[in-house]
Amino acid sequence: MRLAFTEDQLAFRDAVKSLFVAECPPAVVRSAWESDSGLNPGLWSKLGEMGVLGLLVDEAHGGLGLTFTDMILLLEEAGYAALPDPLVEHAVVAAPLLVQLGRTGDLLSAAIDGGNVLGIAGFDMSAYVRNAETCAALVASLSDGIHLIPHPIGQPQRLETVDAATRLYRVENLSTLSSVGSIVRADAAQTLTGLAFNRGALGTAAFLVGLARRCLDLTVDYISQRQQFGVPVGSFQGLKHQMASALMQLEFARPVVYRAADSISTQAATVDRDVSMAKAMAAEAAKLVARTSLQAHGAIGYTVEYDLHMWFKRIFALAPTWGTTHWHMNRVGQAIGI
Amino acid sequence: MDLTWSDAEEEFRAEAREWLTRNVPKGLPSGDTHEGFALHRDWERLLFANRWAVVSWPTEYGGRGATLWEWLIFEEEYYRAGGPQRVTQNGIFLLAPSIFTFGTPAQQGAILPRMAAAEDLWCQGWSEPNAGSDLAGVACRGMRMDGGWVINGQKTWTTRGAFCTHIFAIVRTDPASERHRGLTYILIPLDTPGVTVRGFGRLDGDEGFAEVFFEDAFVADDAITGGVVLGGEGKGWSVAMATAGSERGLTLRSPGRFSATASRLIELYRQKLPEGDPLLRTRIIQAWMEAEAYQLYTLSTVTKLADGGEAGAESSINKIWWSELDVKLHETALDLLGPDAGLEGPWNKGWQFSLSGPIYAGTNEIQRNIAAERLLGLPRK
Amino acid sequence: MRLAFTEDQLAFRDAVKSLFVAECPPAVVRSAWESDSGLNPGLWSKLGEMGVLGLLVDEAHGGLGLTFTDMILLLEEAGYAALPDPLVEHAVVAAPLLVQLGRTGDLLSAAIDGGNVLGIAGFDMSAYVRNAETCAALVASLSDGIHLIPHPIGQPQRLETVDAATRLYRVENLSTLSSVGSIVRADAAQTLTGLAFNRGALGTAAFLVGLARRCLDLTVDYISQRQQFGVPVGSFQGLKHQMASALMQLEFARPVVYRAADSISTQAATVDRDVSMAKAMAAEAAKLVARTSLQAHGAIGYTVEYDLHMWFKRIFALAPTWGTTHWHMNRVGQAIGI
Amino acid sequence: MDLTWSDAEEEFRAEAREWLTRNVPKGLPSGDTHEGFALHRDWERLLFANRWAVVSWPTEYGGRGATLWEWLIFEEEYYRAGGPQRVTQNGIFLLAPSIFTFGTPAQQGAILPRMAAAEDLWCQGWSEPNAGSDLAGVACRGMRMDGGWVINGQKTWTTRGAFCTHIFAIVRTDPASERHRGLTYILIPLDTPGVTVRGFGRLDGDEGFAEVFFEDAFVADDAITGGVVLGGEGKGWSVAMATAGSERGLTLRSPGRFSATASRLIELYRQKLPEGDPLLRTRIIQAWMEAEAYQLYTLSTVTKLADGGEAGAESSINKIWWSELDVKLHETALDLLGPDAGLEGPWNKGWQFSLSGPIYAGTNEIQRNIAAERLLGLPRK
């Protein structure tokens, strides 16, 4: 029994964290809010070089052949940095699907290297497609099977999102587009879609944990120096107790997320339950942290000139995706027999 | 106990409803942009032209001399009809009560009608980078000169400052003073040379906040007819606290607004989940009950005021209640929208707006201190 | 429009409050925990003399002929005192029923004077009967109508209750006992039972508000003088904020309770909704106040030697009676069309 | 990451389960009465006789030298089998860790085996009427005399003090000292002349609390073999804080207890509401998830400890979590019981017990201060 990460896993985490510190400071996140694509190709390539994008792809196909347990801390760090690029969709959901679908050619190589961005549709309980305009191909789970739709993806209409770094599109008539590349049908598709859903939901949970950790850090920094009434506002017990409650929810969600990563890695019988519990607890903890952080900051947190809002909005945008808390709690209930 | 409206009140309601139903503009953009603000100003002028801008004010200043009860009825009808948040609210709800209490007749005559008519647009100049919850930390200085005041310093978090014409500011006029002494409440035209306004984005990205910089800005005593000082030199704290009582109290947040939001939430539930959902239903019932409780609490406060009493420290829990209720109403709506919650839209916009409620007008932490110390009598230290 | 009480109503409230201060201090409540009956006949007679027990009975039958609006503050004061005697069951539910049932003889006279205690069954969603051993008669709403069952009420078995001042009994085969006094049947009974339920639920709501107000007062007194770390514990902001939140919930429940009293008095169309909202909000506010009060006290509140526990337990015992919060919120939902 | 048990651990579990299933007493009354306590003491002696009383202790003191993992397994099986709260817990979980750390070999040999065997029954003498959360306010005095100590003063809130044989107390031995200096940790037989114990009722009415009065009570140095002072004169604060770390940390509240309660709650739901209820179901799922999260958090802490690390200030959020979880589990059960919730019964008893969790072992307010200051690093002042 051991609920902790190996030295290798921690070292990989530290390396990725360093990359984000250097290449994905808040200014980069901020510029993604205003850029056309919302993407950072240079950073994306470096993630490819480090092996992050192909981490879950086996070595025979150019990946690292590692497990979800090796990936989970990297996703958390991506959340900490509020990485604008679609790491969960691309590396956690789509890349392993390409292998499962037998599409192991150039598209996969580029995906592993960071030379392209893959899109997904129909896996995440969402009606929209992220990066539909820029993605090299779309892996789509439709009623009759999983399809691979090459660029361009129909006529995507950009949607206005509160988290402006995330590019969401409506794509009409996906099923007619799908005719160009249907590759897996019915039963097999259902299994693969279920596996991909769990990966995406847990990846999102880890991302949320990271986002929330950064909110707490930003808040602790600010309220430790911000003076009112002659003392730091962070010294007021009313604020301390709120911060402690938020921290507690987050800290108790973390081992739940890590356990679910192990359940995916080991194909545990309880994987659905474990992933759902992780997503539900991470989402609720992150929202509590975000709310508490905004309130603790006061007016400065309520402006777009200060960084907090990018983490805040990302949390509320992501929390209901890949299944709402309500949906996941219901799945936990089924698993525990009520 | 008499929870019915009089015939006269019902007539007033009918008149308000009829006019509002025909005139409330639909789909007005945010009032926190230059373009949007201009449209909202037009709406305020239409309200004024029909004497709906400030119903509770005396007729000489553009009101109807309406009772508090009629004011409540108007607000209820205003929000029921889908009327937008009032861009003039910092003037008519925050500054005006102080003008009524502390202004000279000359100031009242000069300021109030133009404010009601949305000719002069007032913003609040209280907060500074280092004086937020701790208002007594104001550092912006006013120096007495022959015929006026020279102002130096900075104000910030000034709502809609970039679109207004005037600011009501608290400045330190006694350089030797500390904390809440030596402050003066000064009325300043924003086109005064030496005043610079820089708008910046609120949470939703609209330019709803502003910084206001004063660099040797000379405010002549007659820049406002009747004088630019409200309540006398050095009386700024008392005037501000009276205004804050009004800001934090009844007048700013009428129950009609939250009841209207609760009704829209029920509509959204029916539309999004026609087959029902027990959990979300319970949260909607809870939110509806809390909006209704706010209405009843307000009726009880207005009864007290009508009897000649004061709202007093109860304003603290009143402010906590409406601000937390507003967040709850909108969060429930976002949960109803599920993954669509992340898309821009009126509920998301309203949610982001609601998040300011627990922060401004005295944070809810400050309000809980006030409730604990003044309502419960717990020891300050 | 006027949401406030008249001078007369406030004066009556003050008079009843004075009676409780003199005749129902905590020591009396405490002794009811240990006495056989849990009743205070002397105090009960005085409530009769003041007209409280017959307040809702019309003057022609010896009562005061007043309305629920006149009664509501008295019930709140009874809660404040944690009156052990069954004021809601007797004066709010049973006495008006006797008139409605045409039983206006000696039993009613004694009920108004405080010369007896009336019991009820089948009105309060409870399977148990309060004071079944001591009540002079039981007004019972059964499937075939409303019955009046004279003393003795079968073979009542006393139940152990957490709030030991409340004497609850299980009475088997009520319907066979009922044969002695069936007086109203079917449709009419349903209407009367519905009215009586609303009276009982709202009376309980007011009682809960009073109980909670006393919890707050006890707590403010204690934490204002209790010193730790060289200052009163009530000066700690963490505690202040909890107390402020509890106070707020309670203060916002009060006008809701008062409005519902008016709705009963004026037979408003919204009476079911208004009563349910009052009961739900009063019960939840009272529980929050009780929990906060216990926590604020620390260890001393956690003993039976200190008074708080009698109010605390009464709140948790009463809160789920006369319909749970869940039940009442459902009724509100139906009324507002969802 | 390896979330599986080794073969040896599974064998340990099987052995524990087999023994506990056969031996756990059913329907034991509360241990907070004289009669009940005697039955619980018998159960403790049976546990000891079979070397299950203190599995993680060295074999020489009656344990099995079990690892922390095995201890967790034992606890899980203990509560799964329906084992009662341990009446010896203040000894084996609170005092014993300090004896292991600060005791001399002579003290360890004299105290630990008799404690494990439930021959000596230890209660805690820390709190005083004016020293609750503020432990440094201890006023109970110990005066050095030839051959021993004279103790004067009062302790209170002493759990099961009326049924125990010994008390571990913190007393002020330097009369000139203030706050946390000048305190000494003293071990005292309760039959010492001058010591009076008065039991009184906890929230549920059982005599689970006691006041302990010391009137010129002379505690001879050899009243305990190896000496009555633990850790040295004047070292009481450090010893107590080490014990408090243990009290507030992992060892007192094992996850198995809450997981077992969650399982019973699920059973209750199935039994009371076979047709289901969406709201209560959601609350049960939430409570189950929180119990499971507590289990996982504990596994992560034990991993750290097994690697040679320390639990540290994380004990603060650990204590808040389990104590609030325990209340939630029981409140959910009461809501399931509806109007029956007011009747005496195991759930109500458990609920009343759970309410002490957020108060004792450092109130949750104190714990939130610790979490904010030591885990988040927020400024003390």
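The chains carry the letters A, B, C and D, assigned in the order they are written, with residues numbered from 1 in each.
We adopt the following convention: contacts are C-beta pairs under 8 Å (C-beta built on N, C-alpha and C of every residue); 3 or more make two chains touch, one makes a residue touch a chain.
This one's a predicted model, so the numbers in the text were calculated from it and none came from an experiment.
Student: From subunit B, which chain is the farthest off, judged by mean CA positions?
Tutor: D
Student: Between A-B and B-D, flag the pair that has more C-beta pairs in contact.
Tutor: Top pair by contacting C-beta pairs is A-B.
Student: Would you kindly tell me how far, in whole Å, the mean C-alpha position of subunit C lies from that of subunit B?
Tutor: 41
Student: Just give me the whole-number Å value for how far the CA centre of subunit B lies from that of subunit D.
Tutor: Computed from C-alpha means, the inter-chain centre distance equals 53 Å.
Student: Provide the list of subunit A residues touching at least two other chains, using ranges where the numbers run on.
Tutor: 236-241, 326
Student: Where in subunit B do residues touch two or more of the other chains?
Tutor: If we look for residues of subunit B contacting two or more partner chains, we find 279, 282, 365, 368-369.
Student: Report the residues of subunit B in contact with subunit A in the complex, numbered from low to high.
Tutor: Against subunit A, subunit B makes touches at 127, 130, 132-134, 137, 156-157, 200-203, 205, 209, 277, 279-280, 334-335, 337-344, 348, 352, 355-356, 358-360, 363-365, 368-369.
Student: Along subunit B, where are the residues that touch subunit C in the complex?
Tutor: Per the touch definition, subunit B meets subunit C at residues 1-6, 9, 69, 266, 269-270, 276, 281-282, 284-286, 288-290, 292-294, 296-297, 299-300, 302-304, 306-307, 314, 316-317, 320-321, 365, 367-369, 371-373, 375-381.
Student: Under the stated contact criterion, what part of subunit C meets subunit A in this complex?
Tutor: Spelled out, the residues of subunit C in touch with subunit A are 236-238, 240-241.
Student: Would you tell me which residues of subunit A are touching subunit B in their complex?
Tutor: It comes out as residues 125-128, 159-163, 166, 168, 227-229, 233, 236, 238-239, 294-295, 298-299, 302-305, 309, 312, 316-318, 320-321, 324, 326.
Student: So in the complex, which bits of subunit D are touching subunit B?
Tutor: Touching subunit B: residues 278-279, 282 of subunit D.
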